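Two complexes are shown next, each including chain A; its partner changes from chain B in the first to chain C in the second.
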Partner chain A sequence: MRPDRKGPAGRHWLGRREVGIGVVLVGLAMLPFADLEVSTHDPWRHVSRFLAGFLSPDFNSIRSIAWAVVYTVAFGLVGVFIGSLAGLLLAPAYHLRPVRILAATLRAVHELFWALLFLQVFGPSAITGALAIALPYSGIFAKVYSEMLEEADRRPDEVLPPGSGALSRFLYARLPMALSPFRIYTRYRIECGLRSSAVLGFVGLPTLGFELDAFFKVGRYESVAAVLLIYYLMIATNRQWLRPSLIPVFLVAAFGLLITLGGPPFRMENLVRFLTEDIVPAPLRDASLLASSTWDQLSGWLDVLLSTQAFPGLWSTVVVTQMALAVTMFVALLGFPLIVARLVGKVPSISGHLLLVVGRSTPEYMLVYIFLQMLGPSMLPAIIALGLHNGAIIAHLLGRQADALTPTLRPDAPRGFNLYVYEFVPRLYGNFLAYIFYRWEIILRESAIVGILGVHTLGFYIDGAITEIRLDRAVLLIAVTVLATFAVDAIARGLRRRFQLSMNDLASREGSAIY
Partner chain B sequence: MTLLSLAGETIGWKEHDVLVGVDLSIQEGETIAFLGRSGSGKSTLITHLYRRLIAAGRATALVPQDHALVPPLSVFHNVYMGRLDRRSSLYNFANLVRPLRREVAAIRPILAEIALEPEMFRPVERLSGGQKQRTAIARALFRGGDILLGDEPISAIDEKQSAVVLDTIRRRFSTVLLALHDVDLARAYCSRIIGLRGGRIVIDKPSGKIERGEIEALYAA
Partner chain C sequence: MTTNSDRPRRHLAALAVAAVMSAALATGGPAMAQPTLSFSAIPNQDETHLLERFNKVAAYLQKELGVPVKYVPVKSYSAAVTAFKNNHIQLAWFGGLTGVQARLAVPGSVAIAQGIEDTAFVTYFIAHSSTGLSAKPTLGDDVKGKTFTFGSKGSTSGRLMPEFYLREIFKTDPEKVFSRVGFSGDHTKTLDLVSSGAYQIGALDFTVYEAALKAGKVDTKAVTVIWKTPPYPDYNWSIRGDVDKTFGPGFIKKVQDALVKMNDPELLATFPRTKFIPAANKDYQPVEDTAHLLNLIDG
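Entry: the complex of A and B
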């Protein structure tokens, strides 16, 4: 605390307010560059047909939907299981720079990009689905587990006999001290894995996204409603049926099921070709590395790829990201009062909860997909959907904190709108900004990925390159996405440090839900 | 033979120095009690002595004040950790997954001695405060060696148990250095009493020659 530097006007808070307004202004400044066209002929007809579907959901395809649920659970569990094991192995070495970079790269590539790549090597098989989840999750697990180890009590380790082996020290005195937060976080991640698994269906794996895509394509909105209702039921009840004691049983069954899953047989030569040929830049394949013409061709290849795909894609990704971030801020600030009983009353706060649950448990990709069906392919549905999804996540966290603050309010505290602007917003503003900066990198990754749906962000070009089986281009474009993620992460970290924004409740399930 | 001697040393914990001008010489085979109000520097001194003895390569067991146990692990595993340096990582890992018969056989009599045997395979987090403290003591007993350092090792144990525990400790270690809060136990079990007050040693006498008034002055406000 340095009150002398704050000044009578509270310079600190002013600085934070300005940075918040700055993020909104950057979002607004993107308006001239954004393609916000509504290209469907009659969007309201689509919206009303979609909503009407929920009034008469069609469960005739329940057999295929049920199988999709089974596969969704199987891929989710197996992927998270492998990812958590790998993360656990990486976590103790996370202080090493190469491990940190590896983990950051693994998690900077979205599940869907991993899936698109693996589909080229393994086809729509069990390995593709499991790895697509396991790889990015292992990067996340490595980071979060290592932070939890860092925060755990070190005293038992310090009093161990000198000369005890590093592995023994870790297994006896370090790991057990962090086991409880590990369990809570891993359980939360299993739920995320179910959502990721559902989304993998959009690129051809037999999970819920596949059913949703199929019904949307033929305009069967009643069946779409059925799939969505079953999806929400699965997510909402997962803690009831996916009990910790049953998880080993589910896991064995999931492995068993995935092994029997058909698909093209695994061929080692495919993997070798993928690594040694497909992803090598075209000018370098079978070319003499000593000839200068090879390098001229490479720089030409790079030039064309960067100027016609990477930079336009990156710019669109940034435009979508910044506008979605501004929408996220509004949704979060206007959304969190909906679940605070003191502000809106007990009964309305329950429907507020329902609204936010739908917003945050619908995967961003699925939400963008739905909005795109209504509004046609432009940046508009992506910005709205990403803003709603991320805003709902932050609103939920803020709302819970506001609830926790309620008993500490003075007895003569103002009510209603005054309570909101004078007590809750100022008290929660620091956390709000911290959450915004944590989500920034994630929104960028999501903006890139929704390109697969036709918005011209990086994912659009990556998907195009993969469709043309130009995997060398796809890998380079993915690398651009990763670097952009790193850059945003570095800026966000700098801002968090500059404005002293931190989340102290990372170890709790609620706190870690920001990732 | 002199085990350790400090001459005019300042012993600090983090930034602020807690003990100033410490003159202290400890002989092998001594049983010493450190007395003083909380904050007088007992813990700092014990920690410092432990580090010095370890650095000198002396086989030293420690019972720290906060026990430093691993709550999710069983009493057996916490006690076993006293000898984690004796075996290979592979052996330790095997013993963690499934307690090895030979280690169970080695630890059982120690737990029996301090009435903790029935709790052998219970997680430490489910024990009472006194049981946790006895687990920390059992870990030190299992570690073994010539010297035991204990920072309030019997603060949560009832009188009858305390006597048993102190007897066991004295039987198994030749040199015993304990921070204690119970003056009568200190006089009964230790041959020498060192009183600390305000970061200085103010009493250093054989326990037989100490006056009641001297000790009262140590604790006076």
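Entry: the complex of A and C
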């Protein structure tokens, strides 16, 4: 860990500490614009009924839940598989600008938005679920794989004779050197794929989210608890049953299962209509492109859409994002000591682990959904849920690093609170900030999608446009989300460079888990 | 234990199988032999027993029409319209607005039947007892500043018509009349939310309210109907125009007859309607005009 105030950043008045405080202040500055009301009449009744459900989970619907688990695994595996193949193809060309932009666009659109679009063409079918996961994941894989290729040992490549073909070079000298981190990262992504797959149920695919939504809607909290418990069991044990050597077998079974899923038949004319009519802005459809009135109408259309939906939605998205980011910081800093044995003791650190596992393995969308049921529709549940989820992810990474630092401590190192404040926090602070900036873009994407649940972020308007069967508007609003993601990513990258915040351990399982 | 040398080969074999399967997946699997009439209904209330109830309707239609009939559940109002548009379903029980959206998206499609209740449908505005509001001939200023929920964003009785009348009465956006405006998702949920006080006022389909009242599911101490809108046309059965080509000439008429002659109270309770009568596209012109007025459809 680099000591603070050294290097070029140290010469400016703005140091790492100020940047951290700045993020919190920006979050606080959003307070007057945030709708934080608890609108449920009696939130405690909902909370206690929800918690009581866990005391007597109802497994009567176990058959349908079991099928949902099977489909969750199938969609997750197939989606990640196709995504990783596509990512592998894109990675060697990642230095090309168009490829980079393509990959960034693919991953800037959340799985749920992809699913909402594909539902318009393919209905609730295997193709919709597989592509909704595969597309954004291919963008992430392309980026991470290419970074891993960059970092891999280049010596085998350098000793090849000058005339060697590019493909041979890649296959025999470059790829083998990166295979090990590829494998570790892909394995981690499979777990993410299971989570994404579960969430797709909320928009109509037959995965766990579907069951959860159905039970929540009719207030059957005992069944909700059963679904959640099975979900956690599936995620917590996935490395035990989804063993690397068995993955090909699982994959073949998953493809087989999805082919027999049924669902609506594929019709080419739907795809053509979607691309040539549905997503074309309404004023341009069947209109003369030479007439000036067409373009007047288009600008009117754009004007209304931007001023009544895109900008208000974007602003709410930013408010939720910044406040969630500030909450994330607190959760991460207060959460990581919970899993450090040296700080809290061995036994408590195990329950700390459990807490963080629940926080980070519950998909953010599911977490927001649960909080919304209890607190009612305002920004509050979204901010709390996103802060908890992302904070738990970072706390987990920091805790692991604090554990790794423990053997390096001096024999007379302070204990307890002093150790935390004077040793761990300063030494981990650089990584902490780096993680925060890595999660920023992700939190923005998540803030946008939770609009589907009723918070007035971009997702709210996108969902509205889809309800009105105005896909042209939905696509434009999704494009606004993409641009906002790019902007945040660019700022975060600038900040990371300025303050020399990098993650040196991208290739490790822990480091890669930040994406 | 596997040795290192045979592991890559096994992976390759699995990859090949997977690639073939993904190709099969992309082409959509085996083609259907006999054309099936698929139908759906907008999910406007309690979704838990939809399949059970509508499978009985499917069995009835199959018997009457002599072709395989399948019920396809959908998750949202717009999913029903999309499925109709994509020819994934050919027949649907739509709301007024979704029917208009669907028929605009599929030229040649027609509304063929409606419930007797749908010729003069109304929306109920209900309020939680803590508001102290009571039934009046119109909405007054006393509802201002309260919290309010519509049903689904795509609902006629839960969104389109109540929004139209709110704008007519208050001459402004609902967001400016109420302190909070939400979309519950469906009518049953609206009733739940207002009963629990999560929202102080809500607007919902009168048939869903009356059916819940009859079933003893309305907490009449917590909820009162404070206003009923003027009547408007609502739900309808709509069918794609190209079914005559698939199932033979005169098929649309056959479906219409089968619906109109449905008299099993158990089947009718699914909707819930007392009887179906013939309908035509022009019956829904007022709904289409209102949707234009509220800028919910283009054109």
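Keep this in mind: the second predicted complex is superposed on the first by the 501 of 515 C-alpha atoms of A that agree within 3 Å, B and C clash if a C-alpha of one lies under 4 Å from a C-alpha of the other, contacts with A are read in each partner's own complex, and residues count from 1 in each chain.
One rule holds in what follows: contacts are C-beta pairs under 8 Å (C-beta built on N, C-alpha and C of every residue); 3 or more make two chains touch, one makes a residue touch a chain.
Since the model is a prediction, treat every value here as computed from it, not as a measurement.
In the superposition on chain A, contact is made by A:Gly163 with chain B only, not with chain C. Between chain B and chain C, it is C that contacts the larger number of residues in chain A. Of the two partner chains placed around the shared chain by superposition, neither chain B nor chain C is touched by A:Thr237. Of the two partner chains, chain C is the only one that A:Val121 touches; chain B does not reach it. In the superposition on chain A, contact of A:Thr40 is made with chain C only, not with chain B.
When the shared chain is aligned, chain B comes close enough to touch A:Leu179, but chain C does not.
Across the complex, chain C meets chain A through its residues 2, 7, 10-11, 13-15, 17-18, 21-22, 24-29, 31-32, 46-48, 72, 74-79, 81-83, 85-88, 101, 105, 128, 147, 152-154, 180, 182-183, 185, 189, 192, 196-199, 296-299. The touching residues of chain A, when paired with chain C in their complex, are 37, 39-42, 78, 81-82, 119-121, 123-124, 126-127, 130, 203-204, 210, 214, 217-219, 245, 248-249, 251-252, 255-256, 258-260, 264-267, 270, 282, 376-377, 454, 463-464, 466-470.
Listed in rising order, the residues of chain A touching chain B in the complex are 155-156, 158-169, 171-173, 176-177, 179-180.
The touching residues of chain B, when paired with chain A in their complex, are 54, 62, 64, 66, 68-73, 77, 80-89, 92-93, 96, 143.
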